[in-house]
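Here it is: the structure, laid out below.
Labels for the chains are A, B, C, D and E, by order of writing; each one numbers its residues from 1.
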Amino acid sequence: MRKKENVMANIAGRPRLEKLTHLGRGRLEKLYRMFYENGPGEGTFLSLPFDQLVEHGAAHTFKWQKEDVTNIDITGRGSADPRTVIELANKGNFSAIVLHPGIIDKYQDLLRLNIPLIYKADGHMTIPQNPPIASTIGSVKDALRLGAAAVGMSFYPGSEMTREDMARIGSIIREAHTYGMPAVVWAYARGPDVNEMGADSLYWVHYACVVAESLGADIIKTKFPAPVKTEKREAYLNYLKKIAKKTSGAEKYIELEPEKDEELTEKQHTHRMKLVVDAVPRSFVIVSGGPKIRGDPRKELAYTTRIVVNAGAEGRIIGRNFWGVPINKGLEYANIVAEIMREPQYHRPFKHVPA
Amino acid sequence: MRKKENVMANIAGRPRLEKLTHLGRGRLEKLYRMFYENGPGEGTFLSLPFDQLVEHGAAHTFKWQKEDVTNIDITGRGSADPRTVIELANKGNFSAIVLHPGIIDKYQDLLRLNIPLIYKADGHMTIPQNPPIASTIGSVKDALRLGAAAVGMSFYPGSEMTREDMARIGSIIREAHTYGMPAVVWAYARGPDVNEMGADSLYWVHYACVVAESLGADIIKTKFPAPVKTEKREAYLNYLKKIAKKTSGAEKYIELEPEKDEELTEKQHTHRMKLVVDAVPRSFVIVSGGPKIRGDPRKELAYTTRIVVNAGAEGRIIGRNFWGVPINKGLEYANIVAEIMREPQYHRPFKHVPA
Amino acid sequence: MRKKENVMANIAGRPRLEKLTHLGRGRLEKLYRMFYENGPGEGTFLSLPFDQLVEHGAAHTFKWQKEDVTNIDITGRGSADPRTVIELANKGNFSAIVLHPGIIDKYQDLLRLNIPLIYKADGHMTIPQNPPIASTIGSVKDALRLGAAAVGMSFYPGSEMTREDMARIGSIIREAHTYGMPAVVWAYARGPDVNEMGADSLYWVHYACVVAESLGADIIKTKFPAPVKTEKREAYLNYLKKIAKKTSGAEKYIELEPEKDEELTEKQHTHRMKLVVDAVPRSFVIVSGGPKIRGDPRKELAYTTRIVVNAGAEGRIIGRNFWGVPINKGLEYANIVAEIMREPQYHRPFKHVPA
Amino acid sequence: MRKKENVMANIAGRPRLEKLTHLGRGRLEKLYRMFYENGPGEGTFLSLPFDQLVEHGAAHTFKWQKEDVTNIDITGRGSADPRTVIELANKGNFSAIVLHPGIIDKYQDLLRLNIPLIYKADGHMTIPQNPPIASTIGSVKDALRLGAAAVGMSFYPGSEMTREDMARIGSIIREAHTYGMPAVVWAYARGPDVNEMGADSLYWVHYACVVAESLGADIIKTKFPAPVKTEKREAYLNYLKKIAKKTSGAEKYIELEPEKDEELTEKQHTHRMKLVVDAVPRSFVIVSGGPKIRGDPRKELAYTTRIVVNAGAEGRIIGRNFWGVPINKGLEYANIVAEIMREPQYHRPFKHVPA
Amino acid sequence: MRKKENVMANIAGRPRLEKLTHLGRGRLEKLYRMFYENGPGEGTFLSLPFDQLVEHGAAHTFKWQKEDVTNIDITGRGSADPRTVIELANKGNFSAIVLHPGIIDKYQDLLRLNIPLIYKADGHMTIPQNPPIASTIGSVKDALRLGAAAVGMSFYPGSEMTREDMARIGSIIREAHTYGMPAVVWAYARGPDVNEMGADSLYWVHYACVVAESLGADIIKTKFPAPVKTEKREAYLNYLKKIAKKTSGAEKYIELEPEKDEELTEKQHTHRMKLVVDAVPRSFVIVSGGPKIRGDPRKELAYTTRIVVNAGAEGRIIGRNFWGVPINKGLEYANIVAEIMREPQYHRPFKHVPA
């Protein structure tokens, strides 16, 4: 009972699309398609990203060859084949699919016309010593031409490229909004110093999100804030102490970390997630990742999703867990996540304002 | 009595909006709104900046959890929540509120329409080893669209990025002026060498201000010039000696520093502040910070404000002391500052020229 | 009592600025200045236009020579001297003053900085056989530079130039909105055929207004719909019949006209005005002119204003009756109109939305 | 004595360059060169226009062949040869010379570098049935390239082309002002109906001037308002009566016309001129033409100039009377005009504001 | 006598404005104002630069506090106050004043309208480790708007930024020339290697000047070539030898340097200066600095000026020696320099070409 009240309070602090009329109909109608007309709906969100060929490499195309897979209907086609991912999207019910410009351009004929499309306008290859900043490889105009429902960009604060990255993303968002196009920002800290203390730690996840909102992101893709590993704890703590000299309160973050060898409880996870979500009350938050749990991936997806939505976040964005398995399984897994989101306590009803 | 004469002399050397008709009505009417129609008025200025989520991080959202706070009307919402800061601005009487582009875009519906808005077009995250130069994340056109009364930029001279920073800011100011939009420049020295000798020392504060005026700033946001700390005194002195070889007079700065372990008197502080203000006779100067004094923040705000306005500066810009506390207190503190500015000796009357 | 209910109903159907957040803060804050911070306020409007030198000719500069005027402070300066009109505006309390580009450019130093300025971007001289379409003589960028609160254009549907006029105005409005600048459209029918049947007749006034809203006008300046004169009645009726073949209902307009030699009652006038106002529920309507009544202009202004505001219109725009007389009288007359608008039943309260 | 007071009053109502700082230094420094550093100076103006080859035709090149001219130093070269006109300008002391783009481009090497140059950006040939609207043949950028002190345009209100003409000129003025370039507008009524009633009549001269100021002209070139000829008096009167229905006061113009066969007195001329000048209190007025008087052109120039400057106009622009005669005579005539302007009562002192 | 002939020969090799008609009237008329209508005139040049607040810092504002100064009219206003420098310019007779964009924008109302204005479009702060390249902070369009007679840029060849600097300056010059605006290039070598061997040595001064002319500078501001100091002689020589392998003759520079502890004679200085001036026969050369001599600054100014003009250079540009002292003294010193330039042997008469 206590929990339900908390969930209600968490959701009460979240943005309501119906009240954001000042964003203009162009952005609203696209957001509406993603949050109300596709996927789990009622203001929740579940999307299928497929930008990992650029981000991680072609090895993804080996995906199904490691497993005993029987009912693949297109011979030789692995799960990271764009056609397979699109087939999954077509058969499923996602709030949106995320694709890179060239993929959209070439495979557009295969994509169901009523799937909201997030045009991922930048990318970043896994390459040694590559500074953590994505390349802008698309354009807002191209996204319009291809019927996108949003443009997406990756923001990697934490390195010496942060300044350039902020300027790059700010500029795309300004242009996107001019054309009535919402912006989705993947916001993660990255960079040598940051990695040392835990780039996905609560401090950095939290920080990346508030900056993304200040840049103008309509949707923020964040990571499930990870507990600081024992070997990084000291670096993290030292940094927080340094920061706290100027920004009182920063030292509080350490209290939210587990003691050595401890695991966080669901309640603790939810509290941490809620802090992140709370910090951006006018941006929709979608979450990837989460703590690994043993056994069935179904359980892990359910467990992390429950935390995410209880904390007030609008939804999730899940890639390899969906498209890295045979389509049937991907659909099944996606449904597990969507079912949770469809529970009434997570609804954000949208009533058209009477004139 | 002696003091009053000094104050009068200090203010006599300051810019008078009514004489700046050559700036054109676009800039003047916006400056008028800030200096005469809102805040303490009569040519004085008190503004509420809220760009610290980007500048310092999300830890600010913890603010109220440190205290026993009872009368917060939105559960769980900390003082660094944009909605709370906007509520403070709406209830108070500030000359302007400062916000980042994404925040204005998303929260514009909450903001009182008659609060002058400074659109902070750039930002800089606190990140290890990040060079001190802000990213341009907004645009003059976006500021116009959102009904801003000015665009703001941070200028951080002192590092190897200075050249780029000057060009960046000069270019935005030129564009802003074309559209009748005033420019506010946050001018602080930053950079490895500069930090070593005291980035907020009188020499650097002074220098940053004259460059900001040369770039075309209509309003200069400066820091209260800080006494050079004992451990930095040598570096400071050495630098001044080096400079004095080319710029005779530079060695004088050291005479304005306290001897070891001494505290500056109010008179000394005022003299230092006056030097800064005097150096930019056609830019309005607003000041943040000031020496910490023990005890009640009310006393500290009153003490530093008195110095600032006695020195001839137009006003202040105060963030965390206002929004980092519960709204009632923030309003009370702002009123303490405003009351001082409203004293008749600080007025800059504006008489419309007879036809 | 019956009447009060009607007035309440009429006003209930009108736009409320506080609900138009989707227009964006740029337009809203400028509309707010005109409808709430200047003039009679509370959502009403009274403005002083001075574009008549272009529209009607320099004979206006003779204005005061017909009368025994003593207290003019610059000898020989008539009431149509821009300096005199600006003096009137400075001394009065108008929602806005309307001026042409060259006048603003040259006299900007005389204008109170807190008077909202409508930059009249086009003009049309009284010249024989000149087609009824205004020339664009200004630009949105120039309006921004000069600190305008709106751009104004005249729309003269009814001639062969209508097509060009619609395109011209549509284009300026689109650009103005991009920069957060509201658009005021003076909408009157003009043209040989239209004049023949009464250009200011209800049919044409009504039609011009709905087109102006369709073009995107934020404020529509319309004329008090004039009863069709006896000699034009037949042409009017024939035209309505023709129209009615395609647009059933058009024939009804004739029922709203007086029989020969009759005068309309106040109630009839109000009903006609209300039809016009009702047709544009999201544009603010301001009205010029009205039926001449014998005797004191004070009475006429009060009489027509009462009709206008009872019908639900937001306000009035009155030129020669204000600036065509000595300043004292102009102020007195303006006050008569403003006093009516200030009555509580005409208020449109603006409450800032709670966060 | 009475007269002197009038002159003082007339001049008191005129623009003072030193008070027009809001126009910006670009325009001011060029106006200063013309009104203070060249020609008769002290705020007065005498310029030499040479655009008549385009306006009137090549017959002008016959000028000196009709007369017994002895001391022409370049054989065969008539007075309308650009080289001769430039020689006159070089030897004289004019506030400015007016030339067409091609002439400036080709003869620039001959022109004294310190003569202010008015780049006449448009022209109009004398051709049967040609509508009265000038062609834009130059550009602001070209004027800048050639070192012009102003751009000039002809505005011919009165025909069906008026709309296009206003738009054309408004657009050039907006651009010129952006580059700190003053605009000179030749404002005369032209067109079939207008010609019928006297295009240079007081009504039309007066009207053209106020529109030119509304368009943004810095300098207005007007014609000496001509008495309406007996054969046009009826058309003029009828038109005024028509106008007076809408613009009360217009009927007054007829009172300023002479009765049949009467000549106007100097006092009457001055009063009429003053009405024109008074109507544009922030534009400098320069006048061409004037009533023909018998005998010596010296007397005529002195007579008309006296009227012009007594009425408060800043100066004159005289073409054929100067360049249509041998250079010696042209210089002599120009000097007669300049001497009058140099009389102390016509001075507009310019004092640089103390810091 | 020998000397006079030399001077005549030196001047004979210099550019003559009257022969540079191919530069176009826009550039010529502005150069004419600077070289013939203001300052010492007759083709000579003496200008007052005030960009040192940016270049050297705010310590300049302490200037007068070192001295017993009585007749300063605004208490506490030092000599580096823009208002004081402008007062000096207004009272003096300089060929031009040099100011930064923001200073011109803000103080334009104080500046005499007939002082040629050099708009310094870039600037460079004194900051440790800052690379020697100026930031472009202004624009050609802004210079036009503010009525500039030239745009100025600093060119600092000698570091790794040289490539970027050449491109930057080349681009501004190309644009300036398009608008008929002359370009002034401050050309000095700077950079680690260059400093080591003497950045102001003859080799580098010489080189910087020829590159500036190749970039298109109309006026080149160079430094008085300084003798190579004993401790740098070896580095200089080695560098010359290296260069001489490709550029035979380079080794000759060493012959123009003094032996250890020697001082150069006036004749030697003149010869060195002449080499520099000779190398750019179509760019006007103005010189700052010069060898320090003991005693009265009047003597030093006279001594160095004599060398400069005997060598054929057009003039000088002197800042702190003029504005760093009380106005009376500044005027006196400027007059000493101007008097020398006014001597007939330095005149470059400008005769307008006969038609």
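Just so we're on the same page, a residue touches a chain if its C-beta (ideal position, glycine included) is under 8 Å from a C-beta of that chain, and two chains touch if they have at least 3 such contacts.
Just so it is clear, the structure is predicted and the values come from calculations on it, not from any experiment.
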Contact-graph distance - origin chain A, target chain E: 2
Reaching chain D from chain A through chains that touch each other, fewest steps: 2
Contact-pair overlap exceeding half with C-D, pair selected from D-E, B-E or B-C: B-E
Relative to chain B, chain with the most remote C-alpha centre: D
Homomeric contact chain B-chain E: same or different residue positions, threshold half: different
Comparison of B-C and B-D by number of C-beta pairs in contact, larger one: B-C
Between chain D and its twin chain E, rotation from the CA superposition, multiple of 5 degrees: 180
Separation of mean Cα positions, chain C and chain A [Å, integer]: 51
Distance from the mean Cα position of chain E to that of chain C, given in whole angstrom: 60
Separation of chain A from chain B, taking each centre as the mean of its C-alpha atoms, in whole Å: 37
Where chain D touches two or more other chains at once, by residue number: 21-22, 24-25
Pairwise touch network: line, ring, star, complete, or other: other
Listing of all chain pairs that touch each other, if any do: A-B, A-C, B-C, B-D, B-E, C-D, D-E
Touching residues on chain C, where the partner in the complex is chain B: 21, 24-30, 32-33, 36-37, 74, 83-84, 86-87, 90, 104, 108-114, 117, 141, 144-147, 178-181, 352-353, 355
Contacting residues of chain C [partner chain D, same complex]: 51-54, 56-63, 65-66, 74-78, 80-83, 100-103, 105-109, 123-131, 133-139, 142
Footprint of chain B on chain A - complex, ascending: 9, 12-13, 15, 19-23, 157-160, 162-167, 169-171, 173-174, 177, 191, 193-194, 203, 206-207, 209-217, 239, 243-244, 246-250, 252-253, 275, 278-279, 281-283
Sites on chain B touched by chain D in the complex: 21-22, 24-25
